[in-house]
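Got a structure for you, written out below as structure tokens; questions coming shortly.
Lettered A, B, C and D in written order, each chain numbered from 1.
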Amino acid sequence: MNIRTEPITINLGPQHPSTHGVFRLRVTLDGEVIVDVEPIFGYLHRGTEKLAEERSYTQIVTLTDRMDYVSSMLNNQAYVIAVEKLAGLDVPDRGKFLRVIAGELQRIVSHLVATGFFLQDLGAFGTPLMYCFREREKILELFEMLCGARVTVSYMRPGGVFQDAPDDFWPSFRAILDSLPYFMDEIERLLEENEILLIRTKGIGILTPQSAIDNATSGPVLRASGIPWDLRKSNPYDVYGDLNFDIPIGTNGDSYDRFLVRILEIRESLRILEQCWTLIPSGPVRSKVPYFFRPPVGDCYASIESSKGELGFYLVSDGGISPYRCKVRSPSLINLTPLREMLLGWKIADLMVIFGSLDVNMGEVDR
Amino acid sequence: MPYGIGILKGMMVTMANFLRKPSTVQYPETRLKQHPRFRGEDFVWYEERCTGCASCAKYCPLGIIKIVTSGSGSQISEGEKYKLETFDIELARCMFCGLCVEACPYDALHLGSGFERARERKSDLVIPLEELRSSPKRPSTWFRPQLEKKNHNPFEGQTITWSDVARPAIQDPDYEDMGKRWVDDR
Amino acid sequence: MESNNIFNFLKDFFNFLPPSLSWLNYIISGFILTFAVANVLLITTALFTYMERRVLARFQSRLGPNRVGPFGILQPFADILKLITKEDIRPTAADRFIFFLAPIVLVVPVFLLLAVIPFGKNMYIVNLNIGALFIVAVTTIAALAIFLGGWGSGNRFALLGASRAVAMLISYEVPMILALVGVVMLSGSMSLVDIVEAQRLPFILLQPIGFFVFFLAATAEMNRPPFDLLEAESELVAGFHTEYSGTKFALLYLAEFAEAVVFAGIFATLFFRGWQNPFVPQDWFQFFPSIIWFFLKMIFFLFIFIWIRATLPRLRIDQVMSFAWKVLFPLSLINLILTALLVTIWPEPSTIELWLMVIINLAVGLLCLVLFTRFLEHNRIKPTQSVFLATKQGGQ
Amino acid sequence: MTIALKASDVAKALRGFFTDGILRDNLDELWIDSNYLFDLCKLLKENNEFYLNYLVAITGVDYIDRFQLIYHLKSLQHNHSLVIKTELIGRDSPSISSVMNIWPAADLQEREIWDLMGIHFAGHPNLKRIMTWEGFEGHPLRRDHLGG
């Protein structure tokens, strides 16, 4: 006799403990196995693109660092590069170097947060998260020195950065450059060969290279599936052209590779910061740009490699002080396209692992 | 390598951290070090410098600065000062981005250095004119390179009077600038 | 074998009663003894919750609770007070009686376990001659209570949590019992008091595989990481006690931590020579009185529980089950056969033969480890090979 | 560097297959008639000279009398990129064919444009609102949606 089992539908609701921000997933379960998944967004939609149409170009900077609230420097950098390409502004070298230093520090912070919460979803009760947050605090203190705020930094302006780094910035920056590699060794010793972590993440949620490209995923998700594509290498902006660093590439595109790619990327960012420490020239940090400046009529698209993937801004200017249209290509939203395909057939405990390894930030998805 | 070696290595790392000093501090008793550029929430405002031009109100993305000025009979003449009736900053909606401080042409408005201004009611979160006048003058050095040159640090209680808070009046042009004949090539 | 001297001491104290009321003497002294020991467990559990939060915080380089009372020592009592004053909600979909019964059925077995554990030199409530069997019988009630709670609260998440719990607890009973049998064979009797006296050498040396299996099975029994599927907050919100609040939740919370304290006591008696000084034979000078040794060992085991909780992530339900049947069960069988062999060869082992048994046991343990690693190694590539650095860029 | 393909030589290459689909090409923007979009994109993806297999972004812009759709495409192998623009005249219920079965990446982006801009994508499997809640009327990003 066959026992009639009917699947139950549960809501991993917007206030679930382990969704990163407010993300709702309507999951149909047959026992433990996931049968159907339907993501529901929009809980954090603040209408950034509509707001941007009523703000001047400099005021939008404060809007951008509230999009992906874990990597606000990179959002600023993406927006500011797009505006400079639109208006044809040139940026002094020291400004470019300061932007790259701030961007790479923010990438380290974002990857630390991603790894910490990934382990938290796996059940390691807070210890790796606390270690990552302890290191994040040191970098946030650097941001406070640099621009006065820790998270919503709005440090960059069209034409460069708004103010040069204070004198006591450089010694503590040097201290972090020396202390972080030891911490990375410690985190790798804690996590990389941990058998339970291997069982829980190896071979779970595999994204094939072909479907990674078809679904236009970007950032660590794309690189973990074996495609060596990094905008800092393929389309260098600011000073990445004359810095040498590597890109970590995964082989089988599972959750473990995405986790490991982020850890190795932190080490690469440290290499970049080390080179910036030696190469940074002195001089002005910002070219002369009036507050309410009017870029020429036209449109342009520019994108950078943010910690989540390719973050791009498409700006249309009609000659006024505020853009006619400001579209944001958000990597987290597009990285979620293969979510359904990656989740089907796995157990509910794996759902958290796969979703955690995608490292999606709801502020950027819903904008 | 035996099977459980990864877990043992992890245990050794946690034990190593167990023996280290905790990295958190007891907040009200001991405080973390803050930096002069910290964007505090109690605004510092110099009445002597402020001409009531309200470019800060115009430039604030959220439009939360309310300035009402009136022709003050005797003082009003071309380019002089308006008489300020109200200068309210609604801290409840402020996001401390500092764009108003950036826009102030006369260095009258500065960000403060405190962050512990919590009130029971939202209406108490509006900074009226009198409070701006009477609040201690410890500006943060955000977007004020001249304060940084004086290595002014608001957290050591140094106050600054209105006269030496401003940018040097004349940007003395260097020789390369002098060479240019037309002003707009400079 | 002197009988239980605390009980005798209390009985003599109440001798002034007239002989016709001598039965009352038994009841009062018995009641006082059990009441005292039960309260000792309550206080120890409260202190254990405090210790857990402080030590866990130190593992995570934070401070932990230090506001309530000096160094935060009154924090657990503040927690209990808070939980009791919280409103006790019962969902309408819940089955009234079962929902009410579950916390009680969960707490009672934990206190029952105390009856058998000898705290110090002939300090125990009762010297049951089937002590080990009693422990096993009482811990199975916990599995039933968890399912009662999960099913009774009528909530989908709780149901999922409860069905997981029953499957896990039942399948971890088997290796736990087999590991216990090894200890019983070595000491010749099931009563815990005799087991402690029979341990000329701590049984952890004589039974390394047995200790490993018993330790992991007991961690699963107590729902502590890495097997804490029950309240896997990242998946099922809060597992079977989602719907409980107020005093009922306080009882569940108490039961979970009390079970950890009691199991620490059981580890100490079974494998670490209970209340004797573990490093020195019985008749030499013991530095501390016997009860201090017992509590020291308990705190040592509690520290290890917290240390594991701070480091290890959680296993998935099917991995937990396959670990029980594919790894712990065969290991406990090997341990059983090995102990049976050794006991038949040397029924009355002298000290040299004892050390010989220790060496044989350790050798077999290492052999199992190597075999198990080779069995797992061929289907798992080395972790660091999976990601390498590429300087060139481009795409497929 | 990612080379931006010159629209003129892309148009020359495509003229072989399509006579009237391509409207005009200036600098690196290729203007296309909206009803030829689907088969032209399919061609751009398949032929290995361009091999634009990475859909970077779809953007909708509301120019009061007409809607404009901008497709940013990229090829990871050749590292070159192309911008395709189409226009939908008129404001009431603009519609265009969905490119989901060429690039699955278009799924969420098209749903967002439908939700915020009101451009209907024919052939999209579940074209539902993504940002605003189900019962929301109107499309916020349109110029005539004055909020509230």
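In the analysis below, a residue touches a chain if its C-beta (ideal position, glycine included) is under 8 Å from a C-beta of that chain, and two chains touch if they have at least 3 such contacts.
The structure presented is a predicted model; accordingly, all values stated were derived computationally and were not measured.
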Query - Partner chains that chain B and chain C have in common - result: A
**Report entry** Centre-most chain [mean C-alpha coordinates]
**Finding:** A
Requested in this report: State the chain with the largest centre-to-centre distance from chain B, centres being mean CA positions.
Outcome: C
Query raised in the report: Centre to centre, by mean C-alpha position, how many angstrom separate chain B and chain D?
Result: 45
Requested in this report: Report, in whole Å, the distance between the mean C-alpha point of chain C and the mean C-alpha point of chain D.
Outcome: 63
Query - Whole-Å separation of chain centres (CA-atom averages), chain A against chain D - result: 26
**Report entry** Residue numbers of chain B (touch at least two other chains)
**Finding:** 3-4, 7, 10, 13-14, 17, 23
Report summary line: Among chain A residues, those touching two or more other chains are 127, 131, 134, 190, 192-194, 196-198, 213, 227, 229, 234
Requested in this report: List, in ascending order, every residue of chain C touching at least 2 other chains.
Outcome: 59-62, 310-312, 393-396
Report summary line: Residue positions on chain A within touch of chain D in the complex are 41-42, 45, 47, 49-50, 211, 213-216, 227, 229, 234-236, 299, 301, 303, 310, 312, 314, 316, 324-325, 327, 329, 333-334, 336-338, 366-367
**Report entry** Residues of chain A touching chain B in the complex
**Finding:** 55, 58-59, 62-63, 127, 131, 134, 137, 141, 144-149, 152, 154, 162-164, 166, 168, 186, 189-198, 291
Report summary line: Given the complex, residues on chain C that touch chain B span 55, 57-63, 66, 307-308, 310-312, 369-370, 372-373, 376
Query raised in the report: Which of the residues in chain B end up touching chain C in this complex?
Result: 1-4, 7, 10-11, 13-15, 17-18, 20-24, 26
Report summary line: Interface with chain A, chain C side, in the complex: residues 56, 59-62, 156-157, 160, 225-226, 228, 232-237, 309-319, 380, 383-396
